[in-house]
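Take a look at the structures listed below.
Shared between the two complexes below is chain A, which pairs with chain B and chain C, respectively.
Moving on to the complex of A and B:
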């Protein structure tokens, strides 16, 4: 059966309550009549033969690239880079698509007699992956073949001996990336393109870059002018990455880009109700929801977190393309829109969204308040093309517990950012000017990033900058069910219930506002006309 | 006349120690402190005067005594039975308001020539605390001969112990001069240099007084101005007050180490995994004032001080278990800071600690730290309140010995306003609202006190 496209439902008296994520729980909320609910398209049908499709892509590249085997020769330096633990969300059931792709790439390299092969996890300023996470992404076979010999590496943006400055763009942007990759005869980059923002020149120009390079596009000015991140032609973030990517290409670095898209089959059967539209819930779905909700109500948050983070998504490969970066990425982007795009007529006064337990930066970790803000205002707010779902001066209502809780090993600088910086100001520009440098160069954060599993010291700043466009655009942000102190620290307003939040929103948007709910999961992108 | 008397009574002492395990201050009801009818103490000799207490504070050391947690070290420098109360503003028979400098040094004890410490003006270091014509007693409030502030019978004080209260001071301002003098002494002896990072552990009366003293004395140029002054405070009202008194940042205790680390660019020995205990910084603050005196606070102080830095013990410790390995390894200087005397200032000049303390109190309006007052008849409640001051949103709890019914009955609205730090209320009082018995004393002391706040005599 052909998957149905997304739709915009208008709530009426017969519409059942709408499902909202609420961290490690979910709730059903009755939305006011006349509200709109944006539903994602159903998951696309997976490729019947993913291994064959990958092989086909490698042998039939797009753009100005030879088939991969033709680019491989004995004596060459080959660096195979791959997206890190932040993708996909949730982590997918084994085998991970990176494993499927890289096994074929490495087999081809072996057949071509390439001996000098190094794998690089393209972390940018993300935390290093654990052995378990690497094994899950790459499979035991690759891990055992490379890790014991030191050939499975993780990009270190603070290693002066393994960075090379390739030049500056015509806009004065430093391009400094991983030296091993830059000095290789060929970089093969294996992407998982979960959303339209992923991939393209951003893979190498961001994933393998240093702080010196990243600060040129990870800043409030760029973020405010990226409208949205999901629409590359309208995204200054992407423009900057494209300039850098072309400079990388012009400096002689050859990239063979492999991009993959997954369907939005996000949760296993026991959570099947999360994937379905509420009025179509079967008796089994209702029973599963009731059982899950009741169980989660009785489960301590820490245990619930462990349960959810153990979920492996049944994501399936729906497209794979390889070759020259820009040619590949154009096809990838179209494929992502095919899976996630929904046409929406006009903006709304109030946009509601339920936020889940996971974001790209807390896989196997704690969703701290800054990540809550980033997921809601940085990611979900930006899931649009054309214009934001919510009008300028409108209100976003987030549904999340927003606990004042941090993972000290993964997010040490987030703690200080929350305590020291946000207690002073929430203005991204002011934050950037006053605090960024000292966090970015703090030796303790550098140490934890390089030797532990910590995000870089500047990373919470980037998360806050991701919110810059929304903060600039919105009249108010309200968090339902959040820790009031944590919510207020970020400059948002806490509300106990959705009804309270709507009442509070009326101060900004009047007594008869329009309301649109961004229904996730699964992920969607609104094409707002 | 009614007085609170602390007797040597081992069964009651044991009972108070047990009761205090339920919370500081709980020992008052069952311990050696009793409300008795007493006669005014005899004047020990020439140069002694009678003082009628107006307000007398409840100090951390008082609580430790009442809870049976005081160090046995003090056994030799107290004499029983004694009337507690060494934070005292009182009135002389002349009508002059005075604050008592309670240390009973050589001058008070009739020892001449004085011991070397008293000769240097370092009264707190007096070497004759158990000698002379008085029975042992390190301070008024711990000596059987002098009485103490928790009494309607009054106390006796040597003229060397008296400090005139400026007419602009409320009784509440005056009663905190003594603890502020303790803080002032600690600050003056910490060797503060300009630009140093300073941390304060604990923000009860002493911690807040240290913050106020660092701010006021550095502004006056008496000590180096810190580059940053961080305060670890458990309760929100303490953090608010610390910020008002000049802290760069007033933080929850678990945030203090992180803030100091950030400021000083230190690394940390802490295990970054969730739920793991913190560890010491590799660098840290130049000076840490421990204003609690517990094992935990000393541990924290040693964790956040830099190698060769100074930890100043302002809070009174007892017998506690502390790992001194970091002190040894990092060559940290651990300084005691007891009482007061004469301070050497950055300019090279000297000044009486109490004179400086009056300046600090005036600069910050520290009478606002007095959160609640009780008549001595309600001493059990008062002591329990003092023992739970932080938790109850309070700072300083004092006994009110003024014969004013409204005050004696607690005037809860008044206390509530103080609980919430009603500065406007305090400011109104600073300017003399004339609505209660204070006005009478204030008028007298305005004429008899000296605005220069110098001692009325003695060793200065």
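Moving on to the complex of A and C:
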């Protein structure tokens, strides 16, 4: 059956309550009549033969690139880079698409007699992946063939011996990337493109870059002028990465880009109700919801977190394209819109969203308050093209427990950022001026980033900058069910129930506001007319 | 009973009368259809998952590689594996993903596993065995296997035709997986099973298994090329299993590079005789830490 497109539903008296994520739980909320609920398109039909499709893409590249086997020769230096643990979300059921692609790339390299091959996890300033995470992403075969010989590496943005400065763009942006990659005869980059801003020149220009390079686009000014990140022509973040990517190409670094898109089949059958429209829930769906909701109410949050993080998504490959970066990315972006795009007429006064237990930066970790803000205001708010779903001066209502809780191993600098920086100011520009440099160069954070599994010291700043566009645009942010102290620390307003939040919002948007709910999962992108 | 007389013991046959041939209900003639009926399948699934699987894990802790690739393979398929021990069949069945595990039959030598009714019943129930003529293409056994593949059953088959006598593989016979793949159009998944000869070897004095780690590696499905004859395809299946064996001995990347150069070590071992062939086999993995301190 052909998957149905997205839907904007107008709530009336007969509309059942709407599902909201609430961290490691979910709740049903009755929305006021006249509200709109934006539902994502159904998951696209997977490729029947993913392995064959990958091979076809490698042999029939797009843009100015030869087929991959023709670019491989004995004696060359080949670096295969891949996206890190932040993609896809949740992690997909084995085999991961990176494994499927890389096994074929390496098979071709073996056939061509290429001996000098190094694999690099393109981490940027993210935490290093654990052995289990690498095994899951690449498969045991690749891990065991490369890791023991030191040929499976993780990009270290603080290793001066393995960084090379390639030049400065016409806007004065430094381009400094991984030396092994930059000095290779060919970089093969294996992407998973979950949302429209993934991939393209951002893969190498961000994934393999240093802080010196990243600070040129990961800053409040760029973020405020990225409207949105998901809409390339209107994104300053995109423009900056494109300038850097073209400079990398002009420096003689040859990149063979492989981009893959997955369908939005996000949860296994047991949680099928999460992806279904409420009025279509079967008896089984209702029973599963009731059982899951009751069980989760009685489960300690730590246990519930472990259960949710063990979920593997049944994502399936729906497109794969390879070749020259820009030609490939144009096709990829169109494919993502095909899966996620929903047309929405006009903006709204209040935008509500239920936030799940996971974001790109807390896979197998804790969703701390900064990541809650980043997911809601950085990611979900920006899931639009044209204009934001909510009008300027409007209100966003987030549904999440927002516990004052951090993973000390993964997010050490987040703790200090939350305690020291946000207690002083929440203004991204002020934060950037006053605090960023000291956190970014703190030797303890650098040490933890390089030797442990910690995000870089500057990472919480970037998370806050992701929110800059929303903070600049919105009149108020309300968090339903959040820890009041944690919510207030970020400059938001806590509310116990959705009804209270709507009452509080009326101070900003009046007594009869329009309301739109972003129904996730699965992910969607609103094309706001 | 020895001293009991008729009618309390079976009658003897009068020497002057010709004795009719016993009705042949064993070997290739054995009727095994009952073993695929639902109550029997359910009972077998319960035994396989709750008895055979834990027992196999206990005596032969297995490392499984490549099973995730089967996610993209449409059923039914033919699993073609090397064969060194009676343990190979239960091990292979219990490491198959659930999607395949309970809808798989095993081609077993008609002359060995189906020569007595009780043995035939035991193997038919335990591993869904079907009798298969191992030396040549037999119309009846090939028809049965093809019919089962056609009705959605996966097939495990050992193309060597029997267990290895010395630890090295025997040539893969064309009248086996290759022939069935050509006839039914179903893909062949090459599988390499390593280490089972240390647990339960063929022959010898030892009848009880000895605990030892093993590995099962699944490869990429193969289909016969246009115009490829079964002999050549059987050779290709053997090479694919040899690459998986090389992967176990070294690693995936080295094995792929050797395969690309045509340098994959043969499954059949060195072209020598006697002790030098045995010498070239893998030693049994050590069960625990070395008791001797390193100096």
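We take it that the second predicted complex is superposed on the first by the 529 of 529 C-alpha atoms of A that agree within 3 Å, B and C clash if a C-alpha of one lies under 4 Å from a C-alpha of the other, contacts with A are read in each partner's own complex, and residues count from 1 in each chain.
Criterion: a contact is a pair of C-beta atoms (placed from the backbone, for glycine too) under 8 Å apart; a residue touches a chain by one contact, two chains touch by 3 or more.
The structure presented is a predicted model; accordingly, all values stated were derived computationally and were not measured.
**Student:** In the superposition on chain A, see if there is space for chain B and chain C together, and answer fit or clash.
**Tutor:** Partners fit side by side after overlay.
**Student:** I'd like to know which partner A:142 touches here: chain B for first, chain C for second, both or neither.
**Tutor:** A:142 sits against chain C, while chain B stays out of touch.
**Student:** Now for A:443: first (chain B), second (chain C), both, or neither, which partner does it touch?
**Tutor:** Touch partner of A:443: chain B, not chain C.
**Student:** Is A:454 contacted by the first partner chain B, the second partner chain C, both or neither?
**Tutor:** First partner only.
**Student:** Kindly classify A:419 by the partners it touches after superposition: chain B alone (first), chain C alone (second), both, or neither?
**Tutor:** Only chain B is touched by A:419; chain C is not.
**Student:** Please work out whether A:279 is in contact with chain B alone, chain C alone, both, or neither, and reply first, second, both or neither.
**Tutor:** A:279 contacts neither chain B nor chain C.
**Student:** Name the chain, either chain B or chain C, that contacts more residues of chain A.
**Tutor:** C
**Student:** Is A:409 touching the first partner chain B, the second partner chain C, both, or neither of them?
**Tutor:** first
**Student:** State the minimum pairwise Cα distance, in Å, between chain B and chain C in the overlaid complexes.
**Tutor:** Between chain B and chain C, the minimum C-alpha distance equals 30 Å.
**Student:** Which residues, counting only chain A, touch chain C once they are in their complex?
**Tutor:** 49-51, 93-95, 99, 106-107, 110-113, 115, 117, 139-142, 144-146, 148
**Student:** Residue numbers of chain A touching chain B in their complex, please.
**Tutor:** Its residues touching chain B are 366, 407-409, 412, 415-416, 419-420, 438, 442-444, 447-448, 452, 454.
**Student:** In the complex formed with chain A, which residues of chain B make contact?
**Tutor:** 249, 251, 255, 258-259, 261-262, 265-268, 270, 272-274, 276
**Student:** Which part of chain C faces chain A closely enough to touch in the complex?
**Tutor:** 65-66, 68-69, 71-72, 220, 247, 251-254, 256-257, 259-261
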